[in-house]
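What follows is a group of structures, each given as structure tokens.
Note that chain A is present in both complexes that follow, paired respectively with chain B and with chain C.
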Partner chain A sequence: MSHNFRHWPIIVILSIVSLPLIIMFTFQIIDTFTTHPIDSMIPDKITFEQFSFLWDEAETGRANIWEVTLNTFIFATTTAVVVCTVSMTTAYALSRLNFPFRRFFLGGLIILHAFPTVTLIIAIFLILQIIGLYDTLMGVIMVKAALELPFGIWIMKGFYDNVPWEIEMAGVQDGASRFTVWWKLVLPQVQPGIFALMIFSFLSGWSEFLLPQVLAPGNDAQVLSTYMTALIADDTKIDFALFKAVGMFYALPVIAIYLIFQNKLMNIYGGGTKG
Partner chain B sequence: MKNFNWLALGFLAPALIVITVFFLAPVILTGIFSFTSMSTSTGVTGGEYLLNQSGLRALADKGLNQTTLDQLNNAGYVVDEQGLAVLAEKHGAATADEMRKLHENGQFSARRDMERALKDLKANKIRSTKDRKAAAELFKHSLLNERFETEAKFRTALVEGDIPTEDHEIIVTQAYTGWVWTTDNIKLLFSLPSTLRYAGNTLIYVTLTLIFNIGFGLFLAITTFYLPAKSASTFRAIWFLPRILPPVMYVLLWKWLTWDTGFIATTLSWVGVAPKNWMLDTSTHAWVVVVLINGSFGASLGMILFSSAIKAIPSSILYSSEVDGANRWQQVRYIILPHLRWPILFITSYQTLSLLTSFEHILLSTEGGPGRATEVWSLAAYHIALDNYGGNLQYGLGATFAVALVIIGIIASLFYLRFFNFNEMVAKPKIEG
Partner chain C sequence: MQITLQNFTKTFDDVTVIEDMNLEVKDGEMLALLGPSGCGKSTTLFAICGIHRVNGGKILFGDSDVSDLPSQKRNVGVVFQSYALYPHMNAYENIAFPLKVRKDKPADIKRQVHEIAKLTHIEELLERKPGQLSGGQQQRVALARALVRKPDILLLDEPLANLDAKLRLEMRAEIRRIQLETGITAILVTHDQVEAMSMCDRIALMHDGKIVQLDKPSEMYDNPANKFVADFLGNPPITFLDAKHQGDLLVLPNGHEIKNTKLNAAIEMLQIGIRPECFGPQFGTGIKGVVKFIEKQGREELFDIELTDGSQLRSIQSSGSNLSIGDDIDWGLALDDLLLFDMQGDRL
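Our next item is the complex of A and B:
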């Protein structure tokens, strides 16, 4: 578009407004692999010292980083699987099956989507305490999956809506039950959608901070976000190089997954908020 | 048709169960909690009866007469086994034994008599006045600081202590440590000066961040539209990263930028500006940082949606405008912006709702500080109910704060369902597969 216009003024302006972010990202990478004198930003030595938290014995009172990473992985994976499985069936029913109160369910879904965590978390905190799942990984996983669900259903419904009715009609015509049609004909059609939702929920679980912080503050169920927060909150030593190294370790899978599946995810980031 | 309904029920069942447990139940419970005095000290399940000094002061404030107060505080002295055991610990077993021999189950109404009894021990006199006073305290028999499991037991103790019957009711109410039904939370909500402050903060936060989000999202979408594909996607990637990064990590980068040993402070010290914490120095600093953090995070949403909306504009319109000699500004003003009316409206209402209730970034960066300058409504609810410095988590009051948000949220989402034509959404979702 617009070959009549020059590009460089735009590039200059965009670079200037993006400068804070560019500085942050650049120094994030530089600082994790180098050291620098106290009153300077210019590195003087390359080092891997900052990553010693990965192989050193954990300090007393702090959880082992690998256990925490495993927790985070379990948390994110289970959340993703639960969200996908439940959304898969529910969204199909909402998109294609005829049942009473369908409009009511759809309207309710949109309102649920708008329900903020803060309005639910106080009661959930007490519910978990009463049923004994407070401070367990299991409890946080259930809550996280539940809170992600309205969004997942809404996204999956969008994918189902795009499957041509003709496919299903042909299946029913040939004598398959509605369930078989769903399982054998429709599901393969929405596979990319399921995959995208899976990755999206995994990333969302991997990044989650508030729920583990409130519902599982102990060391046993710690995930990387709460591990990192505890590290930063311990103000006896503020060591940004260490924080950044932990952050790098924490964020790397996210960035890698994003770079690999960028196009698939854009569907959700862009489309998910349309409804 | 009947078969279809069963299938639908089976397909919906898991979601219905989850939604009942984690959405309906919490919402209803939050509503219920907001009418209780539930907190860490009252517990969730039930309570006991315990009267302590602060309870006594509260009773005095409620107008209980002084004689009854004295009676509660000072029900006399009884030489019982409990006291003797402590006495043995402090002054030796011999003293306790002699005391037991002389005064077992003896009662003294005045402190002086109790002290005299201790002084008059033959073999093991407690000589120092200070020690005697302390020892006398051991035998003090009082309703204070004694736990009663049930109301009946507590009432019996009141009767035994000769407390006037007409005062029982008020004392029992005061001594109960469990939660009770109350509308005090709502009264408190309207009377606390901090409520107004939180509401004001929320207004500042939502307005400024919204302006930044929309304005900057538009700016990014339009500028990258005019760039060649490669540089456009570079800038989009830079601005998309805040959304991808885990919030803890993203906020850490801002902390590093603004901390007193961070980037801004260090760079400015080269030109002679004394280093300071650029995030928490004054409330203006804090607001600027909070808006920038949330704005840079939120701008990407606008950027994506506006970008795809601009791409949807038929290119023939843009080409013909160029043939007619429109400059870039005129193209933006008269062609692009009018086409973006609906996306802008949508993002505005969507973001208003999510900004009203989001506090994660503020919690991670300023924690509502300095003082309470950046404490927004939802963060206040979180602090009151789940994480405060006093340690007494007030679930009831926090729930009231949350309920206010729920009400605003429901009204807003009903409004925007109407505004954005719910029927169309139900019939034809606009999400691309």
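Our next item is the complex of A and C:
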């Protein structure tokens, strides 16, 4: 009892601060499943009507929601996979191998990480146009992965730095090649890092808005975030109920992933594993 | 397998850590590389196993030059100071790893792992992960992993440094037993003289990247080549007194005279090394002083004595004297066991 008692001021403060958030979430959920009279906030009827976009044929001019979802999924997954594979190998090299300009690369990495993406967008736009990847999912994926990489490499380097040097030497003494050592002995030590990075870059890809908006504005490469903007940009008839329902649909995977993997995600801040 | 280092030189960038080292380890022998921290023991070891490339000279295993052979092809088992067990594998998988890499048949792997586990007494621990093993057990697993491929050579880098005193004693005997049973040529790196003296056939004492003496443990203790060796070996350590050489007498700073007829008459000044066990009441009288400090070590007592002229001597005796700090003493020296060095520190 006394234990709880001492904590109540903190709990009260936290509750007050997070109240707006909670209200927003609650209304988001209530609103998407109910209807209410024009002049009132109080719901009068439960409905799944707003989710009809999931099964009804799309209106002309608007992309099918499932195609867009698939696009988003491909976008996020591919980005995550590319970021992970490249970070996994690059970070190892930066952490362990002695090659020319190593310090230069390390410095560059930090600068790139801190660099505001928006300032690059025009250059990227031009480059994509020139190489013909403008308005394709492929192009956006490449750009997104490239921009995520400094973060990924930096995080993974931290994990590799924590793996004792002797483990690799022992592996080499045991007769294993450098590649086997990396694959069989070092990677398992940094596996929590890879996992966390995978989820982070997936979520980051899932919620990316700016890049698809600018670099792939067409219907073919649309992702959920741009799909939602299209909904309200269509100012002849703004359908807020639909907008909220799509938002709900869009947020669900994120919430699910956070709930399932929250422990593992904490790892990325802990950095590394202990035997 | 015999190991030979010929003019082995190792540099890191501009710093020469080891220059022109020559060393021969006989087949089936266990040799200790002993020396103070930073003298280049680990560097030598890592050069032998191939982690470090040599910058000059040759390393031979038997008759074949392995200087340019990568680690994987040298067939050397190494136990690292931190054991370096693979944390994600259990003891069995750790020991089996070198065999898997070699692509042995699963049945063979199983048999060999169990054989070596029996030799190192870890059969009941094979299912455990390194994190679930005590220091001594991890050490055994590391040893088993190093030995399972039947390497030509076993290298141990301070394998006992992380263990407590009692376990260290046990593992000393254990490692020696296993080395004798397998008949493997082994090099043990250590900065603990007791370890080196009790476990090894011969000791190579290193100082600043050079081997200052290579000898059997007892020989090295009784017959140190120079002042550094005399100082490094022996616990409690030796003490030195400056002495004048006059005619056939050595005159100590306090005026005490020792008869000596063997020395070259040209030598005027020299240093006398006196081990603690060579100074005490059982050797007569003549050295007067005051007890400055008494350290009781259970079976024995260690005395710090200040002589009348201010120089210091140490003496170790079995417990039971009734001396206390400040008491005057008049003891003697074991004249046959004194070690004489010139002023540069070389043995006379």
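As a convention for this text, the second predicted complex is superposed on the first by the 255 of 275 C-alpha atoms of A that agree within 3 Å, B and C clash if a C-alpha of one lies under 4 Å from a C-alpha of the other, contacts with A are read in each partner's own complex, and residues count from 1 in each chain.
Here is the rule we go by: a contact is a pair of C-beta atoms (placed from the backbone, for glycine too) under 8 Å apart; a residue touches a chain by one contact, two chains touch by 3 or more.
Please read all numbers here as calculations on a predicted model, not as lab measurements.
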Fit or clash for chain B plus chain C once both are placed on chain A? fit
Counting only touches as set out at the top, which of chain B and chain C does A:Tyr250 meet: first, second, both, neither? first
Using the superposed model, give me the angle at chain A's CA centre between the CA centres of chain B and chain C, as a multiple of 10 °. 120
Once the structures are superposed on A, label A:Ser207 by its partner contacts, choosing first (chain B), second (chain C), both or neither. first
Tell me the contact category for A:Phe195 with respect to chain B and chain C: first, second, both or neither. neither
Considering only the touch criterion stated at the top, classify A:Ser40 as touching first (chain B), second (chain C), both, or neither. first
Given the touch rule stated above, what does A:Ala170 touch, chain B (first), chain C (second), both, or neither? second
State whether A:His7 touches chain B only (first), chain C only (second), both chains, or neither. first
The answer to whether chain B or chain C touches more of chain A is B
By the touch definition at the top of the document, which applies to A:Leu112: first (chain B), second (chain C), both, or neither? first
Give me, in Å and rounded to a whole number, the least C-alpha distance separating chain B from chain C in the superposition. 8
Which residues form the common part of the chain A surface touched by chain B and by chain C? 273-275
The residues of chain C that touch chain A in their complex are 49-51, 71-72, 76-78, 80-82, 84-88, 97-98, 101-102, 129-131, 145-146, 149
Considering the complex alone, what residue numbers of chain B touch chain A? 1, 3-5, 7-12, 14-15, 18-19, 21-23, 25-27, 29-30, 33, 38, 44-45, 216, 219-220, 223-228, 231, 235, 238-239, 241-249, 252-257, 259, 261-263, 266-267, 269, 292, 296, 301, 304-305, 308, 315, 318, 322, 328, 331, 346, 350, 353-354, 356-360, 363-364, 378, 381-382, 385-387, 395, 398-399, 402-403, 405-406, 409-410, 412-414, 417, 422, 425-426, 428-433
Considering the complex alone, what residue numbers of chain A touch chain B? 1-2, 4-5, 7, 10-11, 13-14, 17-18, 20-25, 27-28, 38-41, 85-87, 89-90, 92-94, 97-100, 103, 105-107, 110-112, 114-127, 129-130, 142-143, 145-147, 149-150, 153-155, 157-159, 161-162, 178-179, 190, 192-193, 203, 206-207, 209-210, 214, 224-225, 228-229, 232, 238, 240, 243-244, 247, 250-251, 254-255, 258, 266-267, 269-275
Chain A residues within the chain C interface of the complex: 164, 166-167, 169-177, 180, 184-185, 188-189, 273-275
